[in-house]
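Take a look at the structure below.
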Amino acid sequence: MTSPGNNSFPIGKLSMLLAVLRDHSWNEDVENELKEKGYRYVVGKVGAMDLNKVIAAIETTAKNNHIINKDLYHEVHALYHAIIEALQGVGRGMVQFGDILRTVGLTFSIVRGKLGESSEQSGEWIAVSIYGTIGAPKKGFEHEAFGYGFNHI
Amino acid sequence: MTSPGNNSFPIGKLSMLLAVLRDHSWNEDVENELKEKGYRYVVGKVGAMDLNKVIAAIETTAKNNHIINKDLYHEVHALYHAIIEALQGVGRGMVQFGDILRTVGLTFSIVRGKLGESSEQSGEWIAVSIYGTIGAPKKGFEHEAFGYGFNHI
Amino acid sequence: MTSPGNNSFPIGKLSMLLAVLRDHSWNEDVENELKEKGYRYVVGKVGAMDLNKVIAAIETTAKNNHIINKDLYHEVHALYHAIIEALQGVGRGMVQFGDILRTVGLTFSIVRGKLGESSEQSGEWIAVSIYGTIGAPKKGFEHEAFGYGFNHI
Amino acid sequence: MTSPGNNSFPIGKLSMLLAVLRDHSWNEDVENELKEKGYRYVVGKVGAMDLNKVIAAIETTAKNNHIINKDLYHEVHALYHAIIEALQGVGRGMVQFGDILRTVGLTFSIVRGKLGESSEQSGEWIAVSIYGTIGAPKKGFEHEAFGYGFNHI
Amino acid sequence: MTSPGNNSFPIGKLSMLLAVLRDHSWNEDVENELKEKGYRYVVGKVGAMDLNKVIAAIETTAKNNHIINKDLYHEVHALYHAIIEALQGVGRGMVQFGDILRTVGLTFSIVRGKLGESSEQSGEWIAVSIYGTIGAPKKGFEHEAFGYGFNHI
Amino acid sequence: MTSPGNNSFPIGKLSMLLAVLRDHSWNEDVENELKEKGYRYVVGKVGAMDLNKVIAAIETTAKNNHIINKDLYHEVHALYHAIIEALQGVGRGMVQFGDILRTVGLTFSIVRGKLGESSEQSGEWIAVSIYGTIGAPKKGFEHEAFGYGFNHI
């Protein structure tokens, strides 16, 4: 039995699994839970040596899929900082790719929703998970990387 | 059908799922795949405000469970740098916890094994995944965090 | 003629002037503009070698003076990240004080309110300005420092 | 009464006010105090996505206005590090602009002079204050930022 | 008497001296000790404003001179991280050159071999030392810099 | 022939060799050249897990040996920043020791003097070189590290 059952996932875990389980059968369960909880979400891909292309791809995907309202600055600001946080995990101490001769092939997820049921945590939050490979621009000379950013919105 | 089937996971993804799926039914599938591939692995927990306690807990767990040989300096060195990388994801740009008034409650996994089948990638590698919460030392005022470090061994 | 007249200040500038003009006659004009605009604000002081004492002092001042609602996690989260940003300016690349043998004597201001009139910028924001001295723990062997952090709330 | 009176400003505060009060009536008082104290100073503007253009603009303004002697390496070195420090405040932990899809519109001031009257502090110092906006390359989607750097010369 | 005699150098010191003593008579002694110990080593030069050119020059020199096996990913990975570490020393807190208007003229050495005689330290290691000048793109307006990176292989 | 002959060393190289060649016969030549050039210099040792003890040891050694005048703030400021720069090389991206479970055993040199003969470079400068071991608090589980900082005075 592989259904999550009572073991439902919090928002961050859902976004991580969404980025990691692409093309895997468990993905359906993850998406179902996202829908049941009323979370807005999207998954996208980007491959680049230019850091700003990666940021732009994630921002554009979030805006075009209405995860955030592109006309509200505080939503754009919340997303931007969540992306930068996630990239700090991917780059581990250096938010630089092509500059330091690294290329990345990334799958990212963006999830938006409530953190918990209590009134203390009643606001909305945004989670950005980035999973993929980082390495030299030569096939096989790369390894996996993961980053997670989270912000109130 | 929820079995991974042909969609088997690479080493990093396995370590991430191991850290994230603790107490979830899918965990059994993840552990089965780890065993089939001959990977050494372990999962542990640590809660602290002191960064050095977190590092020590991960190191000790890896040594006591024979993921690395504690008597070989290059294995200890490989693990140490993988831990620091993972903590850079958890801390997002600052490898500091209590110093900046943050406390963490973390589950970590350590996985060791081959990266791929090809001769180019024939050496052994170590993956450290850290999942948990980070925040103020007050219940409910924390959110999820994730970090991933990877190194040749 | 020293009245700001039409030259009214945006939120960040007001918070900077509030931190910097303490005990100066211009301060009254700054406070008047803050009140006219309906901003919540407070000013406080802290001297320490321990980074976490500085963070705690700013957090506590903001909570006790109802600049943020201490029972709402997303407000506490917004303030925390604005404080860290401001400290990155004070420390210039290193958010460390006593660890690297520096002591600080700081005046800080926290201001909360709208960014602009347009609907795009309709949400509330929080500005943290920190002004003071940083240096060796010996009188006269210190110089001024400034940091500014800003976040949506 | 708005004259600074006995509340005269130290060098850093003067440079901060000079960068912030451009086009404001108080600016005259700030410039008067700078002149009375015999400080050399200049104010300039730069808008860019390229970090190196921002640095070059500040350096060139300082040299062309004889705040530093462009033919003396130690003066150029002192200014350079004060600029980098100030940019660490503007960027808050990341001295990167276009790379991470941010654009800036900045006013900067450079002030040079003595720190205090005592013999211990008899050398000359240089203060760089940078005030302006940072954000997405889209009108209204930016907020204020501030940075301050200081160095002996 | 200037022979090192019993005072033989450990691997890191040898790599530092190799980078620093280029064109100096002592260099012969250093190279002799490297040969006696069976270390693989090479020295190269690179001048650039682009960080990625510096990394590429060091990587290429190491591969072409068979210090590492360019077809084994874990060797390439070990070298890459040793280079980044060395550049953190050169850049002192910022692994950026042209971006922040700095140019470098560098001599680098790469040395590979055992760390010690004991079984604990029996694996191979790689040391990267980088020595040269960093500064403004104007003759005489630069100073020396040094960086050292070390990794197990 | 091992005399440096015409191959005299610049200030940074002299400080590096002074830190590295302790107890080696070449050290005498290095000290002779330092004396001939009229440089003030000193060498010291410190072992610690606490970062602030390392900084204090270097500062105190410099003051007690009159490399800098402890009563002049701009000299103390110049030294402090050169020390921090050197520690960034030792720590490679993280100026933290005990916090991240690392201990160090270090030899440091401080050299003060002119950079060159030309009028452009006529001011005095200070070089700090730090050489030693960094690693786990267990014998044999450490490796060499090096850092170099340089500042005008």
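Every chain is named by a letter (A, B, C, D, E and F) in the order it is written, and numbering of its residues begins at 1.
By definition in this document, a residue touches a chain if its C-beta (ideal position, glycine included) is under 8 Å from a C-beta of that chain, and two chains touch if they have at least 3 such contacts.
The model shown is predicted, which means the values in this text are computed figures rather than measured ones.
Engineer: Select the chain at the greatest separation from subunit B, using centres from the mean of Cα atoms.
Structural biologist: It is D.
Engineer: With contacts counted as defined, which of the two, A-C or D-E, has more C-beta pairs across the interface?
Structural biologist: If we tally the contacting C-beta pairs, A-C comes out ahead.
Engineer: Just to confirm, which listed pair, B-C, A-C or C-D, duplicates the contacts seen in D-F for more than half of them?
Structural biologist: A-C
Engineer: Between subunit C and subunit B, is it the same set of residue numbers doing the touching on each side, over half shared, or a different set?
Structural biologist: Different; most numbers are used by only one of subunit B and subunit C.
Engineer: Where the centre means the average of the CA atoms, what chain is farthest from subunit E?
Structural biologist: The chain farthest from subunit E, judged by C-alpha centres, is C.
Engineer: Distance-wise, how many Å sit between the C-alpha centres of subunit C and subunit F, to the nearest whole number?
Structural biologist: The computed centroid separation for subunit C versus subunit F comes out at 37 Å.
Engineer: Please work out the Cα centroid separation of subunit E and subunit F, and write it as a whole number of Å.
Structural biologist: 19
Engineer: Specify, in ascending order, the residues of subunit D that touch 2 or more different other chains.
Structural biologist: In subunit D, 73, 77, 93-94, 96, 99, 115, 120-121, 125, 140-141, 143 touch at least two other chains.
Engineer: What residues of subunit C sit close enough to touch subunit D in their complex?
Structural biologist: 1-5, 7, 10-13, 16-17, 20, 23-26, 29, 85, 88-89, 92-93, 115-116, 118, 120-121, 125, 127, 129, 131, 140-141, 143-150
Engineer: Hey, which residues of subunit D end up touching subunit E in the complex?
Structural biologist: Subunit D residues touching subunit E: 51-52, 55-56, 59, 73, 76-77, 80, 84, 95-96, 99.
Engineer: Of all residues in subunit E, which touch subunit B in the complex?
Structural biologist: Within the complex, subunit E contacts subunit B at residues 71-74, 77-78, 81, 115, 119-123, 125, 151-153.
Engineer: Sort out for me which residues of subunit B touch subunit C in the complex.
Structural biologist: Within the complex, subunit B contacts subunit C at residues 94, 96, 98-101, 136, 140-141, 143.
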